[in-house]
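Chains here go by letter, A, B, C and D, matching the order in which they are written, and residues are numbered from 1 within each.
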Amino acid sequence: MSQLLVTGILLGGLYALISMGLNLIFGVLRIVNFAHGEFIMVSMYLAYWAYYYYKIDPYISAFVIAPLTFLFFMTVAKPFIVKLADSSHLGQVFITFGIGIVLQNLALMLFSADYRSVDTVYSKMQIALGEIQFSLARMVMFLLSLVFTVALYYYLKKSYMGKTIRATMQNRTVAMLMGIDTQKVYVFTFALGAAITAFAGGLLLPIFYVYPTIGFSFALIAFIVVILGGLGSIPGTLIGGFIIGLTEALSGYFISASMKQLVYFCIFILILVLRPAGLFGQRGTEELGVK
Amino acid sequence: MTMQRSLKREFSLVRIVLLVLPMLLALIIPNAFFRDIVILLMLWSTAASAWNLLGGFAGQLSIGHTAFFGIGAYTSTLLYINFSVSPWIGMFAGALLAALIGVVLGSITFPLKGPFFSLSTLAFAEIVRIISISWSDLTKGSRGIVIKYTPGFDKFIFDSPVAYILIAWVFMIAVYCVAVYFNNSRLGFYLMAYRESEDAARALGINTVTVRLKAVAISAGLTAMLGTFYAQYILFIDPESVFIVDNSLQIVLLSLVGGIGTTIGPIIGGYIMVPLGQFLRSALGDAVPGFHLVIYGLCMLLIIMYLPGGLVSLLQRRSFGGSRLKRPGRRRDEHGAVGNS
Amino acid sequence: MRKKTLVSIIVVSALVLALLSGCSSKGSSSGGDTWKIGALYPQTGNLAVLGNEALMGAEIAIDMVNEEGGVNGKKIELVKADVTDPQKATTEARRLIQQEKVGLLIGTYGSSIMLANAAVADQNGVIYWEGGAVADSLTEQGYKYVFRTNDNTSAMAYAMADAIPDLAAEKLNKSPEDLKVALVYEDGSFGTAIADIVQRRAKEKNINIVFVEDYSASTTDLSSIVLKLKNLEHDVLLLSQYFNDAILFWKQARENDYNPKIVIASGTGQTTPDFYNGVGKDAEGVLVADVSTRINPDALSEEAKTMLREFEERYKAKAGKEPASHSVRNFISMYTLFKKVLPLAGTLDADKIREAALSLDEPYGSTPFGFGIKYAENGQNERMFNTIQQWQNGELVTVWPKEYALKEPIMLPLPEWKDRQ
Amino acid sequence: MVLLETRNIEKRFGGLLVLKNVSFEVKKGEILSLIGPNGAGKTSLFNILTGFLKPTSGDIFYKGRLWKDITPEKMCASGIARTFQVVKPLNGLTVLENITVGSLLKYKNLRQAMRKAHEVVEYLDLLEHKDKLASSLPIGLRKKLEIAKSIATEPELLLLDEPMGGLNSGEVEEMIKLIRQFRDNGLTIVLVEHVMKAVMNLSDRVLVLNQGVIIANGKPEEVSRDPAVIAAYLGE
């Protein structure tokens, strides 16, 4: 039983980490990013090739890939983000969905559909606390999710950029009137979210394996976690991750593994209806920028 | 006056040609593959306009319509396989069931707006898919159901594609007429009012709950009937083909490309995207795996990013698609809470 | 008005596009000195891995035939189509027949696609030659023009159940009746089919299955099942998994220190090199029910051996990795088709081909899998079977049944994780 | 006779008390102005009368009968139309269609409804704008459209929430004329307005609301002399 809880919590940390970036992009910017899964997929491939060709450990390459992703979105992809921010949410769904299709099949063309994974020293390491077992790699994911939560939380709360981001989230028009360059904020936040996602992707590699269509299942979970925890609420995302992680572990154990998705989809709809702002989002925020 | 004028527009020469052309071509050209494409084209165009009744007119952007599609397919097929009920009857049974489920879903998710409603419909579709897999005593689960090829009108199975062409066409015209009705009726106007501003609509005496549920029921029911058609045409259904999220997205994509909330838009969307996808698939089928989808994705991106009102916005001044596809948050003042409270 | 016409033009051109996509038939239709064959395989999406793997096997067979001057002097021209679901399969199958004028269809991977291909072919009086998919349902539809050389789900499921007495009961020195067996499968069409037949077979052999659970292969976590199994007293674990979940399951088994004594998996997830790449040395000792070329050479005819040698060289040259059973399956099926059936038929006429196929009678051992060739009326080759193989030092070797065994089974029961390096 | 009457309406948002036993009546055919500093609770009162907000306590009588748990659509159907201070045009629709949505309340048949809407269009001389998209209108016309929509429902009681906010003096003059016209055609009007000029020469009666309490109720000139009112506006 305790083992079950631990596994659930660790899984939750993993989910939280992959959702953190989406929380900035969807939760804060209200950009419905259906390519989130593909962002993860791409970064996993980057990490994989870094390992394959240069023997760079995923844990190290993650620290390279994330900044690169950030730069990419700040510069090359900037006009695209601006365009995205101005389209309706349906437009966003399909622009990002289209990008998803393209990325997925580019990966297929370039790398074939083979399953690729790395075999690092630690990816098999176990830590045992008496009865309870857990894998080092997952533990790392878990701890990093905590670190990111705290860091991001204080960044958004204290730093100037963080404040402007929150202001823009609250009311774009007013933020504009207050002389905030909302466009810059959008691009920055999006790039930040993408970078965090890329980081998470790199960390996933030692635990999972990468293939072109791996993204979808992660993306769906990320959306659920973000909404469950509350849009724009960083701690919320962490808790949301835990809830989904535990739900999955427990319902899988006590009901049936084939039912666990059913269970968390139901929870998802219930939360949406009963508390659309999510568990930790401030009430009403879900209406912002949404008709 | 205005009325007749709008009706004239709905059945202008160009449109009549558009609506009849593929059917005629398919009848004239005895080319089974071309006919096959035309049938699928009409199928998905119709599905798109059925979606558009809810997504376009009422502004309820569902991305879970594949659930209704699948419910239709499974209801008629199961009735046919187990109790040899003619799919013609099963079709309406499915429509009814889908409409009911739609109403239930609609009333649960009533408070949800924008992306939240969309995501809830996505989740709903996934739930239905999972159930269809795990309730295998009823649905045969993932193994799917093969419908035995035994031609016969009552069985809704035909040896000549001509029959399918005509049926698909009748569906398309029927749904188009429903869309025209929406565009020129009390219900339609009330839905559009609701779409534009729920408060204004209520202040004008519109019971937004009931009009919305009506839209859901009609849209879901029609989509389900198309599910039956699909099943009877392909003669094989399984969860992965009728409940898969790609269907939902395809349906919305067509409307988006053609022009949301317009009568002809979704159909035009189907005319463009279905052949395009098929052309790329067969032209690049020999190329590197995935290539044709990359191209398809790019085309889709271009159209959506640079023609937010859909192709119809070229045709009509009055396709609010353009105004819709601007981010509402931009005009916060009009969507704020009631009054200045 | 100009805009109206513009849109109309776009629409019309799209329709023309559709027409073109049909009529743009590459090269001449069958006849002359080439025979056109349509290949319907999933090359994108979730089935892509094995879809492309399977297609490669077929392509190699055709290359070989063509290099040797083709069939009765006719070169084989392969027209490929990417079919990822039944609807696309139906459409593309029609296209290949109507537009490309192919005389024969081959495929595929994935049972729903297989069924769609077969249905179209049979309706159009064209032969559909199945090379990879294993679902029994193919030959239960009463089709006239559908043939399958390779094994089917039953063969695989039977092998899994039948091997238990020798490989489990003996090694754990218990009697088969006392064994406690757990069965875990992914809820896709393949996993479900295997699970059903395994359970039926186990009942016949009165082996008692104490635990059955399924899950969706798209899941990102399997710890709940792993933990259930960990807390469940059982001797044998039967698995029927797809790819990602097979790797995920085994990784999480280790993470949660779940130590099954004996694992027998059906041949999908655990068969390919991807599994070994995915979990590394942890794969050692896992048993897999599948067809295999790693079988006792004495059981094979000379022709079969040379055939295999050539295939493997070509495959390595082409893919730069070890072939998985799915490519070999397609290779053998197509090799049989082009080397044995078509020369006999001398034409692509469906009835002639059927006649020729039914007349074949080759003993066990005449193909690299050890299969013989004898098609039943329903088109299924009756001289096929599965063996049990085991991951030993990075390769799958046949360990059961005796007459085909290449090596002795090792690591039965499996060592605990802590004793592995 | 009395058309609308409220008895000790009270409304709190959480701890905040925005309306405190507000009781007043609206007589048929009069123009009653509701004034008061910002945040006095005028709009909240409107929202309660039209069912957009539920009162914490208190009763609403309309046409002599008590209305329990009212909703906007019910109120509108029974003859109370309202406008919004922050106008809510149906952006995707043309002016004529906007108004038609209103007239559909009484005329189920679209053709009749459109004909009716057309009359409204002419009445408010919006003729040259009737086929423009609502989203394309300048603020002045939007305010007018807001009223046109509500008029089209053929109400007996019209609640106008700052119809002149943001209008230039010319437009204000026009609006005043318009409102007087409405009254002459037998409409009863409750007006929330900050433009004192309009209030003074339109209203038969003025109701002053301050911090959720009615502090004065009488003829315009009396009220304007009422010290309490002056205090409320100028602040002690």
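By our rule, contacts are C-beta pairs under 8 Å (C-beta built on N, C-alpha and C of every residue); 3 or more make two chains touch, one makes a residue touch a chain.
Because the structure is predicted, anything quoted here is derived from the model rather than measured.
A.B. asks: So, comparing C-alpha centroids, which chain is the farthest one from subunit A?
C.D. replies: Most remote chain from subunit A, centroid-wise, comes out as D.
A.B. asks: Would you mind pulling out the distance in Å between where the CA atoms of subunit A average out and where those of subunit B do?
C.D. replies: 31
A.B. asks: Give, as an integer number of Å, the spacing between the C-alpha centres of subunit D and subunit A.
C.D. replies: One centre to the other, that is 48 Å.
A.B. asks: Based only on mean CA positions, could you tell me how far subunit B sits from subunit C in angstrom?
C.D. replies: The answer is 36 Å.
A.B. asks: Express in whole angstrom the distance between the two chain centres, defined as the mean CA positions of subunit C and subunit D.
C.D. replies: 74
A.B. asks: What are the residue numbers in subunit D that touch two or more other chains?
C.D. replies: none
A.B. asks: Spell out, as numbers or ranges, the residues of subunit A touching 2 or more other chains.
C.D. replies: Expected reply: 105, 108, 112-113, 212, 256, 258, 261.
A.B. asks: Check each residue of subunit C and list the ones that touch at least two other chains.
C.D. replies: Within subunit C, residues 44, 48, 52, 187, 214, 216 contact more than one other chain.
A.B. asks: Quick one: which chain pairs are touching?
C.D. replies: A-B, A-C, B-C, B-D
A.B. asks: Please give the residue numbers of subunit C that touch subunit B in the complex, ascending.
C.D. replies: So the residues of subunit C in touch with subunit B come to 3-4, 6-8, 10-12, 14-15, 17-24, 26, 43-44, 48, 52, 79-82, 85-88, 90-92, 94-95, 97-99, 111-112, 115-116, 119, 123, 135, 137, 141, 187-189, 191-193, 214, 216.
A.B. asks: Inside the complex, what are the residues of subunit B that reach subunit A?
C.D. replies: On the subunit B side, the touching residues are 59, 61, 63, 108-109, 111-116, 118-120, 122-124, 126-127, 130-131, 133-134, 249, 252-253, 256, 260, 288-291, 293-294, 296-298, 300-301, 304-305, 308, 324-330, 332-333, 335.
A.B. asks: Going by the contact rule set out above, which residues of subunit B touch subunit C in the complex?
C.D. replies: Within the complex, subunit B contacts subunit C at residues 14, 17-18, 21-22, 25, 29, 31-34, 36-38, 40-41, 130, 133-134, 136, 141-144, 146, 148-149, 230, 234-238, 240-241, 244, 268, 271-272, 274-276, 278-279, 281-283, 285-286, 289-290, 292-293, 311-312, 314-315.
A.B. asks: For a test of understanding, state which residues of subunit A touch subunit B in their complex under the given definition.
C.D. replies: 26, 30, 32, 83, 85-91, 93-95, 97-102, 104-109, 112-113, 171-173, 212, 220, 223-224, 227, 256, 258-259, 261-262, 265-266, 268-269, 272-273, 276, 286-291
A.B. asks: For the complex, which residues does subunit B have touching subunit D?
C.D. replies: Interface residues on subunit B, with respect to subunit D: 1-3, 184-186, 189-190, 192-193, 195-197, 199-208, 261, 318, 320, 323-324, 333-334, 336, 338-341.
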